[in-house]
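Note that the chains take the letters A, B, C, D and E in the order they are written out, and that residue 1 is the start of every chain.
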Amino acid sequence: MATLIEHSSILIIAVPLLIAFLTPLIGMASKKARNAVVIVGLSFVAFLVFALARDVILNGIHTYTLGATSPSLTIPEGAMMPIRIILEVDGVSVFMGIVVAIVSLVAVVYSLSSMKGETGQNRFYTLLLLMVAGAFGMVFTGDLFNLFVFLEITSISGAALVAFKTRFADSQEGGFKYIVVSAVASLMVLFAISLLYAQYNLLNIGALAAAMQYTMLDRIALVILIAAFAMKLGGVPMHMWLSDTYSVAPVSITVLLITVSQASMYALMRIGFILYGVTLDLAVVGWIIIAIGILSMFIGVTMAVRQTDITRLIAYNCVCESGFMLVGFGVGLAVLGNHTALRTYGTTAISGAIFHMINHALFEGLLFLVAGAIFYRIGTRDLNRMGGLGHTMKFTAAFFLLGALASSGLPPFNGFASKILIYESVYQFNPVLTIIGILVSIITLAVFVKAFFSAFTGAVLPKYEDIKEVPKTMIAAMTIFAVIIIIFGLFPGLIVDWIVRPATDALVDQASYINTIMGAIP
Amino acid sequence: MIETLIRNFPLVAAVVLMGIGLYILIFKRNLIKIVMGITILSSSVNLFLVTLGYRTGGIAPIYTDAPEGLMVLPVVQALTLTNIVIAVATSALILSLVIRIYRHTGSLDSKKSRRMKG
Amino acid sequence: MTLIAESGYEFWNPIIWLITFAVVMVIVYFFRKRGVEKYKKGEDQTKIFLCGEEVPGAEQRQVRGGNVYWGFFETLKEYYDGIVRLHTGIVNDYVVWFVAVMAISAIILLIVKLVG
Amino acid sequence: MRQFFAWLCLIVLMVFLVIGGFKMIHPFGEPPSAMDQYIIDNSQKEAGSNNVVAAVVFDYRGFDTLGEATVLFAAVTGVLLVLRAGAKKEEA
Amino acid sequence: MSKIVRTVANQLMLFVLVFGLYVIMHGHVTPGGGFQGGAVIASGVVMLIVAFGSGQIKKSLRERRLSLVESSGALLFILVAFAGIGTVFFYNFLVGSRIFGGIPPTGSNPGDVWTGGVIPLMNLGVGLKVIAGLSAAVLALALFSSGEEME
């Protein structure tokens, strides 16, 4: 077991890759075996993630030097800096790992029946596993160029999966937009990385953070990195690809795309808090991120109100929710240099944002799964052609209501628990932000009242009288999300104490991240 | 100032190439030209990376029958190799999507062929 | 333990909230019980009454999703005209916004460097 | 309008990047080389390879190469997925 | 294409294969490696497609076989990486052993193929993968744009 824990951080990334390479061969033989292998492999990975999370929360940061003579040997003899690629897993990384593990399992379970009858299923599962592996790599790696490579893996497999339903024109268009945007963003990220490499001849995040001088080139690299990752996570005004992409992808892929956007937000925070850390003009960078967040909240929700396509509506709501996280992180970044403010409300804001990340993945995922269930049954996403579905699809309606209430921050669901943290702390930073946030939450409720009203209520339409409930596995997948949402809503204190606090402490503690790498200089 | 320009000209050239790529991505509506713009953008990043690794009078970092002399930096060349392969993969995928879009909409114009807006 | 009270402004405990909710539900149930005996199935009071006109079918009765919040959009017409015009689904514009954000934040950071 | 805005942003960004090119701390031809020099000196001992770039690609940064191979694998799988036959009837 | 082109392409393909395999297997001694050699052979396949037409090539290069080769190449690569997990993932465990275990003398030397540890094996895996992958992608694009589709 100790050996397994020691190697777990690389196994979590490499096992999905191995299964992905095996999937085409197994799929040629039998479909059932392929599905079984995929589910068993992802469950094993999830188990590893939880074991690793326990280990990290108990024993501190976990490092793994690839190709060295020992996993903990970060710096070889005779060198003053890390040479090889190092996986550095701290609280935030395992938190994101937990999110990816849960969501990927649910996505696969949902795909089992929602993808029935489609052609090219072998490649579908292969790319899905590659996407999961890329997301794990993005959150676990401690090397900037490695981060870029995994970003590309998620982008390419995601674009191919968005265009999975090749018989629809708009799904092809969504895949095209996604790959173009991702390619431009990740190329600019690589340019910024090369700017950093040109000055310090380093690629490791911890070593770069130790050597950072915040020169002119560092500012330019910071600007490019912020813009690129904000584009990847869909912050206004770079959010337009998001609604086009999320609304046309198969929903089990959309759920994974959400976690990929969360991984991009994780990368943004890693760069802001750890890589640049206390050297940058915190207030200014914090306010830039807060401005993007406020714009995302307001424009996202106001655009969501007028949508008549249900998945587009939920996609714009995703933009709005990620605005909340950006505001929380921005406040935490703005007060990072000021210790009293950080202790009084900065850490609370960061905790709220981190807690909102997993809640966002959960309830937006649930809403997308419900939208996919509706599309699976009645074959349209247009709210104008829906009505009275609540009479026949009772479970689906209940799940949609649950997700909607959680997303608009009504008690006692998890969305409220994380939003109240953000409200309280941001109020002490700047009351106007909190007022805007509460207003946006109210409009969010209006958005979902509209969607629920026009889709589920009313008399049964004659053309939908023979609609049945969706298959068992889809119900099971939605139930997993629903149960986790209710648990998180009823015991928020436990969740915050167990996984959110360690993540927050890891994010604000730049010194220990650096010392874990650079402390081993002989 | 001017000798700095002369000295750092390769770096500036990479930046100018990146400007050309962004120009194509912004102003050209043809989908194939968009793919070209992305390729040019990645080529500019490759040029920048390789330029960073150059040492004056350096030789290739290969010891087989190597002449005497300082070797240029190998890591940037590895990064460039990675980026080249990634660019190839990306353009292959984008081109396949462009073919599908053309089959569906019969247009290669990013404005005429779009279905979703607002 | 299930208490989140960092700021001291207020506290949030889902258990207490649930108890309150249950009490309110009990009260609501009593109100409903008082009215439920008067309700008889299969009479006119259970049918839809539309000024004596005959009731249209479900298709016509259903309020379309596009018609909800009509007044809201009418009030904010200018805002929505402006904001929707920005959402051109053209991929080139997405790159324009990306470049714009990079340029603007670069200017901001440079000004900060010159001032401070 | 859009043209002007786009030109403005592009020119501003390019100006910043060119200034960055001037402001290079280490001018062209003399890069900082601590990490790379270690690799150049030790690649034959540790990786047993004459080709230092191959040593970097497959030994020192082998994980990046695994990711790169994965990217190519994903792209080829994606091409074959997008261009697959037997997709149901097309709707424009 | 005309008969001359087909004949020349047929003869040329042999040399392309030999050169590509040379580049792949000498990647740790001379410039080159798996990607480069694989790209060389894939370009040879592209030459055949240009000469004979994609429909002709489709008969001999089945997509099933190509994806089989590609997956096996990727599997070889990642399994070689896994084999080092006794010490550390990606550990170069073959240096000093009997297979490809030679250690070249430090400094400039004539070069020896029997060195490099796991690097030649990884080159081979990546080479197989790039050959099959690029050929499959180009063939699929050519077939689809010429109207007929892959099975």
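What to note about this one:
Rule of thumb we're sticking to: contacts are C-beta pairs under 8 Å (C-beta built on N, C-alpha and C of every residue); 3 or more make two chains touch, one makes a residue touch a chain.
All values reported here derive from a predicted model rather than from experimental measurement.
Annotation of chain D and chain E: jointly contacted by A, B, touch as defined at the top.
The chain with its Cα centroid farthest from the Cα centroid of chain B is C.
In terms of C-beta pairs in contact, A-D outnumbers the other of A-B and A-D.
Set against the C-alpha centre of chain A, every other chain centre is closer than that of E. Separating the CA-averaged centres of chain C and chain E is a span of 56 Å. The distance from the centre of chain B to the centre of chain D, each centre being the mean of the chain's C-alpha atoms, comes to 9 Å. Centroids of chain B and chain C (each the mean of its C-alpha atoms) stand 45 Å apart. Touching of two or more other chains is recorded for residues 18, 22, 25-27, 34, 52, 62-64, 73, 75, 79, 81-82, 85-86, 88-90, 92-93, 96-97, 99-100, 104-105, 114-116, 118 of chain B. In chain A, the positions touching at least two other chains are 17, 21, 24, 66-67, 145, 149, 152, 156, 159-160, 163, 166, 169, 172, 175-176, 180, 184, 198, 201, 203, 216, 220, 223, 244, 303, 306. Residue numbers of chain E whose C-beta contacts span two or more other chains: 29-31, 33, 67, 74, 78, 81, 89-90, 92, 104, 107, 109, 111, 134, 137, 140-141, 144.
Looking at which chains touch one another, you get A-B, A-C, A-D, A-E, B-C, B-D, B-E, C-D, D-E.
Within the complex formed with chain B, the residues of chain C that make contact are 84, 87-92, 95-96, 99.
Within the complex formed with chain B, the chain D residues making contact are 3, 6, 10, 13-14, 17-18, 20-22, 24, 27-31, 33, 35-36, 39-40, 43-44, 50-53, 55-57, 60-61, 64-65, 67-68, 71-72, 74-76, 78-79, 82-83, 90, 92. Across the interface of their complex, chain D is touched by residues 17, 20-21, 24, 66-67, 76, 78-81, 83-85, 119-120, 123-124, 126-127, 130, 133-134, 137, 145-146, 149-150, 152-153, 156-157, 159-161, 163-169, 172, 175, 195, 198-203, 215-217, 220, 223 of chain A. The part of chain B that touches chain E in the complex is made up of residues 60, 62-68, 81, 85, 88, 92, 95-96, 99. Contact residues of chain B toward chain A in the complex are 18, 25, 31, 34, 38, 41-42, 45, 48-49, 52, 73, 75-76, 79, 82-83, 86, 89-90, 93-94, 97-98, 100-101, 104-105, 113-116, 118.
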